[in-house]
Amino acid sequence: PKPSMLDFVNKAKWDAWNSLGKIPKMYEEIMKALEQAAKDDSTLTVMTGSGDYYCSGNDLSNFTDIGPEGVEQKSKNSGELLKRYVSHYIDFPKPLIGVINGPAVGVAVTILGLFDAVYATDKATFHAPFSQLGQSPEGCSSYTFPKIMGTSKANEILLFNKKLTAAQACELGLVTEVFPDSTFQKEVWKKLHAYAKLPKNSLAFSKQLIRGVEKEKLHAVNAQECERLVERWLSEECMNAIMGFFEKKSKL
Amino acid sequence: PKPSMLDFVNKAKWDAWNSLGKIPKMYEEIMKALEQAAKDDSTLTVMTGSGDYYCSGNDLSNFTDIGPEGVEQKSKNSGELLKRYVSHYIDFPKPLIGVINGPAVGVAVTILGLFDAVYATDKATFHAPFSQLGQSPEGCSSYTFPKIMGTSKANEILLFNKKLTAAQACELGLVTEVFPDSTFQKEVWKKLHAYAKLPKNSLAFSKQLIRGVEKEKLHAVNAQECERLVERWLSEECMNAIMGFFEKKSKL
Amino acid sequence: PKPSMLDFVNKAKWDAWNSLGKIPKMYEEIMKALEQAAKDDSTLTVMTGSGDYYCSGNDLSNFTDIGPEGVEQKSKNSGELLKRYVSHYIDFPKPLIGVINGPAVGVAVTILGLFDAVYATDKATFHAPFSQLGQSPEGCSSYTFPKIMGTSKANEILLFNKKLTAAQACELGLVTEVFPDSTFQKEVWKKLHAYAKLPKNSLAFSKQLIRGVEKEKLHAVNAQECERLVERWLSEECMNAIMGFFEKKSKL
């Protein structure tokens, strides 16, 4: 079945740890899962994928599948949805940890700047080809990436479509630590189970202290990024870039 | 004699260079020394320890030694004191340089984000085990550490109690340069004596320009961190964590 | 002929690519070139030097060559000019890329924090000896450098006159990527020609999104830096430092 606009985890089955249960496939369901994880009595929350991919990003066929609401309204709705989605990460009240088990694409990469720690297998890659598709950065990456690694490095990813290896992402500070794929799962879960035994409120309050200082700015950045994307999705540049993508694909 | 709450340099004898004279053992006396150093005609100010440690952090027996003021008032007073202490670093008007001659723990680590340069022996380590003790970050580290190294790296230290080697601290940008222990003192003081000959006002005004842009934010962060710590010090989590520390110690 | 105050590219012939044509030697002419490049239909703008140097910085003989307006007015005028000059970089609306073909000095280094990507030959060096000359940071470097690399690293450059190799500047995040000098021109222009084919509006809007969040702050920093420099240029410290420079030079 064709994945819907929300189906940005189409190739990755998101698992959860401790409190999350199965993170389902849709933005709305991920938001619901995050809301639940925020309230339950777990110490921290982990997002990971199962299988070969961490997350393969939005399915581009969404762009060609316009419903009766028309293209402008669909674009506006998608912007609103993305803004709410990213807000859930900005406001998440306990440590949020990414366990990146394979290639990550698009919003699954950019949102990592809002995670509190990111562990990756050496088989992971990180790719957010915005300009190639006529689009622009989301997930607060226009703010978090330059903050983490400086503008000169961030722009290779945000403007010029560079795909990072796990080692490169770690050196740039997007990833906390990289493990060999053969021992990745064992080592990272051992670490996370130890973290989960730490004083729970101390971790939550410390995380809120660290993010609190920039929370207002993050919401403003998120709003601006989504506004820009709504404009981008309606632009000829974006349409042409996505048509080009499918044409190339159909020739394979 | 039991070290007091202020005695956070209990294992390290703080020396000084150029203007500071002997930095004494207490927060109040360090503040006085910083006030004096700010006004005298020295070009820059250096903080270092003598002996094996740079600074071993607060003595935890302070937490069990409650005076007649009661635990709530003591916690509030300690918060006020810490806020004033950190403010002295935020407002320090000339280059402040850390010469880290050995292991550094707790607030002696977090405050380094407010120093202008940090030189370390390769025998130095950097450890701020907040959550392990049910506490939360201070010294503006909830702001400076993510700014210096990105959130993914900073949280290993601020949330998950990672102890850094000197080489790791240097790679992450907390430390300016690391020297082999055998030549550390010679090389670093040669460098500092050369720096001290540079135009004095140029250095002071440049430092103030660099810090000025974030001074208001630093004071706000400091206030929030101290408010959070006052709450933490009174929490069951913190009490339990510190009791656990002493129980473990008594079994050795 | 003696280079004028504006002639900060005295040893480097600035070339241009795509839209810029020949970037001329003067601040005013560079501003005019940037204004033109901002409006034309090019996708991105490149600044580079031809010959051995990228840019050797301001000619210090400007400081001894005071016209009929007097030293105070000249200093004030120079501050106004510098502020306008740096503003042109802050407001530049499309990706601005530095191709650093050799040593860079002074404002040509500090302004790189406002570039969107910086590629360097391994023969390039980066040097901004402010305090050595009794001066203080410009080009928004008092803000951008600590943001990119952390205060401990930034201050070696901004306060203590450290000259960086290309490899060091790349590790610190000031430079995006370094190439061996023998293949530098070939590799970098191949890369840039590929970038220039990306969707133009997507790149411009993405860049504006990334810089927009800090644009107001950058203008404030620029104003403060220039104000401080006007004071510095009139200071005895600065006069003495520059006289010392010429005395040393005349003895060679």
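Labels for the chains are A, B and C, by order of writing; each one numbers its residues from 1.
One rule holds in what follows: a residue touches a chain if its C-beta (ideal position, glycine included) is under 8 Å from a C-beta of that chain, and two chains touch if they have at least 3 such contacts.
Just so we're clear, the structure is a prediction, and the values are computed from it rather than from any experiment.
Interface residue usage between chain A and chain B, two copies of one sequence, is largely distinct: under half of the residue numbers at the contact are used by both copies.
With rounding to the nearest 5, the Cα superposition of chain B on chain C corresponds to a rotation angle of 120 degrees. Chain centres here are Cα averages; for chain A and chain B they lie 35 Å apart. Contact of a single residue of chain A with at least two other chains is seen at positions 147, 149. Contact residues of chain A toward chain B in the complex are 95, 112-113, 115-118, 144, 147-149, 173-177, 195, 198-203, 205-207, 209-210, 212-213. Of all the residues in chain B, the ones that touch chain A in their complex are 130-132, 134-137, 142-143, 146-147, 149-156, 158-161, 217, 220-221, 224-225, 228, 231-232, 235, 237-238, 240-241.
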